[in-house]
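In what comes next, chain A is part of two complexes: it sits with chain B in the first one and with chain C in the second one.
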Partner chain A sequence: MRKYLLMTMSFSLFMGCSLIEEVKPWEKETLAKPTMQFAGLHPEVNKFESHIYYSKEASKGGSGVAGGGCGCN
Partner chain B sequence: MQLKNFNSISKITAIAIVASNALYAENYVAVEFLQYDENNNRVSVSAPSLSASYDIGTDYTIKADFVHDAVSGATPSWQPDSSSGASSRDNSGDYIYEKQTFDEARNAGSIMLTTRFENRDELYTGIDYSRESDFDSKAVSAEYMHYTDKSHNQSINFGVSYGMNEILSYDYDTGSGASQKETSTSINIQAGISQIINNHSLLKVEGFTILDDGYLTNPHANIVRDYGTATQNLITENRPDKRTAYGVNLKYISMFGDNLSFKTNYRFYTDDWDVTSHTLDNDIYYSLNKKITLGAGFRIYTQSEANFYNKKKDFFTDEKFASSDERLSQFDALTYKASIDFKQNDSISYNLGGEFYSQSTGLDATMFTAGMKYRF
Partner chain C sequence: MLKRIVYSFIFSTVAVLALESGDSIPKEIQEKLNLETDKVYVIDFFASWCKSCKKELPLVANIYNDNIVQVVGINVDKNKEDGEKFVKELSLPFPIFYDKEKHLIKTFDPLGFPAIYYVKNGKVLHVIFGAVKDIDKTITEDIKSIK
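And then the complex of A and B:
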C-alpha cells in the first residue's frame, strides 16, 4: 500500500511541478471556481469528515491550525 | 466596450480574493446535517450544524459555526465477563473484549476573523470551543498568509494554535467512581507555501508539528494486568503524558477541460508514540451543467501501532504505559465518497453526500450528509 501511495504522490507532484507559469490576475477565472478551492466544495462536510477521522484514527493534523479538541479520542 | 471592461474588472476583483489559498469570499448561511452509523450497532452520531460567513467591507470577513453532536451506541473495551461470574474489575472472574454502551452530546462552536491588509496579505484569528459532559476544550489560533509576488501566484503561511482541555476521569480502579478533573494542552504549529502552477492548477505544501501535554489517556478504556495470576485485574489504560507529532501535507488541484476538477491530498504523519501514518485523499468533481455538480472520491489510510498498544488479555504485567484501544493498533482504512450539488439559483444551493468507511479492524461505517447554503 505504501508503494502505491508513494507512486501516486510522485505522479501528482510531477504533474504539478513540471512547469510553473506566470498567471496574470485576469487569467484566474478557472482557479476561482468553487471546485478549485483547497477547502473543497463544502468545507462544512470536510469538518464532519475530519472529526470522524480524528475520533477513529491515531493521527491528526495537517488541515490548518484552527479547531478545538474533542473527548472522542 | 465599457461594459466589457466593467465585467473584466469585476471578474478580476472576485478572482483576486480567491487566488492562491485565500478563502472563497462570499456571504452565506449554511445548514448541514450529518448521520453517521457504524456496523454491529456500535456508534451512531446525528449532528446538525449551522455556519455563516459575512464580509465587513473588503478588509474583514467574520465566520462562525456551531454543531451539536448526539452520540449513542457502544465502543469495545475490556470488561468483566458476566458469563464467568465476574461482576467487578478484580480477580473474581474472567474478562471479555466487548462493547460498552454510552450516550454523549457535544456542542461545539468557532468564530474566525479574516483581516486583509493593504498588500492583501491575510491574518486569520479564531477561537474554538467544545463541550461534552466529561470534556471541555478551548482553543485560540492565528495564521498569517503573505503573498510573495505581485501577481499573487505564490504565498507563504504560518499559523499556530493553543488548546486547553479539561477531562473528567472516574476512579473505576478502586471502585469508588469518584471523579477528578484532569487537564491537557495542545500546541499546533503549521507553515506552508502555496503556488499557482498555471491557470488551471494549484499546489500547496505544508509542514506541521503538534505538541500534546497532560492527561492523554482515554478514561473509559481498560486493560487487563497480570492475567492468569492471583493479582489479575482490570484497570484504566495509561498513556504517556506527552506526545510530539510531525507531518507534511501536500495538496494539488487541477481542472481538466471546463467541467472536471481533480484534487489530491497526501499527508505523512509520525509521532513519538511510534504511530506513523500515510493518508491519500482524492476527489473529483464533474459539472454536468450550471446547476448540477457530481463528486466522487476515495481515501486510503494506513497507520502503525503505538509502542504501548496490545489487545491481548495476557500481555500486560508491570508496564508503565499500556492501552488496548484499537485506534492505536496497526490498521488500514478505505473511504469511498459520492456527492451531488444542486444550485437552484445564484443564492440557494443544496448538497447531498454519502461515504462508506472501512477499517481492517472490522469497523465499517456509513456517513450521509445533507445541506443547504444561502448566499447573499
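And then the complex of A and C:
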C-alpha cells in the first residue's frame, strides 16, 4: 500500500509538467506572426527611438538594444 | 484498486510515437493521399506562415516538374484560404491536401517543420525535418540512393 502511494507521489512529482500539452512545430502559426516579435511590428523604429532616448538622457542599456553614437544626426 | 490507478496514471503520461524511418503509414492515409505501389513519394508538410517552406517549395516543385520524384504537399494552415492563397502564389504543380483538422500531421507527428517524408509501398524510408539549403539537390541524391 505504502509502496504504491510512494510510486504515485514520485510520478506526480517528476512527470507533473509532462501533462501540459506541448506546442508542436506545426502549431506555431500564431508565434510566427510579425506581431509576436520581441521588438514589435517595426523593430527598426523601436531601435531608432531608443537611440534618441539614450542620447537625450546620456545613458544607455537596459532595453536590449545594441549600438551607440551621439544621436545628433 | 490503487494498483489500477497507478498503472492508468503511468500509461496516460506515455506520449504517442511519431512516424519514423521503417514505420508503416496507416492504410486509410495511403488511400486518402492516393499513394500507388512501387513508387517513391515525397510527402511535404508545409504552411503559409513557415518562411523555410516558402524558400523550399519552389525547389521541390522543380524536381517534381523534372519527373525526378512524385510529390504530395500537405498544407497545415488553420485557415484553408491562407493555404490556397499560398499555393496559388507559388504556383505549386503537385497535388495538395489541406489538413485543416490536423488529422494527417497528427499521424505523422514530425519533430520539426517543414517536414519531408520519403514513402514507398506505405513505408517511411527517410525523414527530413527543418530548413535545408538546396533541398532539391538533397532530395535528388536521396532518391538516387533509394532507387
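Basically, the second predicted complex is superposed on the first by the 39 of 73 C-alpha atoms of A that agree within 3 Å, B and C clash if a C-alpha of one lies under 4 Å from a C-alpha of the other, contacts with A are read in each partner's own complex, and residues count from 1 in each chain.
One rule holds for everything that comes next: a residue touches a chain if its C-beta (ideal position, glycine included) is under 8 Å from a C-beta of that chain, and two chains touch if they have at least 3 such contacts.
These numbers were taken from a predicted model, which means no experiment stands behind them.
> Is A:E29 contacted by the first partner chain B, the second partner chain C, both or neither?
Both: A:E29 reaches chain B and chain C.
> Tell me which partner touches more residues of chain A in the superposed arrangement, chain B or chain C.
B
> Show me the chain A residues, by the header's touch rule, that chain B contacts in one structure and chain C contacts in the other.
Looking at chain A, the two contact sets intersect at 1, 4-5, 8, 15, 19, 24-26, 28-29, 32-33.
> Please name which positions on chain A make contact with chain B in the complex.
Residues of chain A touching chain B: 1-2, 4-5, 8-9, 12-13, 15-17, 19-42, 44-45, 47-49, 52-53, 56-73.
> For a test of understanding, state which residues of chain C touch chain A in their complex under the given definition.
Chain C residues touching chain A: 2-3, 5-6, 9-10, 13, 45, 47, 49-51, 76-78, 102, 105, 109-113, 115, 129.
> Give the list of chain B residues in touch with chain A in this complex.
8, 11-12, 14-16, 18-19, 21, 23-24, 30, 32, 34, 36, 47, 49, 51, 65, 67, 71, 104, 106, 108, 110, 112, 124, 126, 128-130, 132, 134-135, 137-139, 141-143, 151-153, 159-161, 163, 165, 167, 184, 186, 188-190, 194-204, 206, 208, 210, 218, 245, 247-255, 261, 263-264, 266-267, 269, 271, 273, 275, 277-280, 283, 285, 287, 293, 295, 300-303, 306, 327-328, 332-333, 339, 341, 351, 353, 355, 357, 359, 363, 365, 367, 369, 371
> Could you pull out which chain A residues touch chain C in their complex?
1, 4-5, 7-8, 11, 15, 18-19, 24-26, 28-29, 32-33
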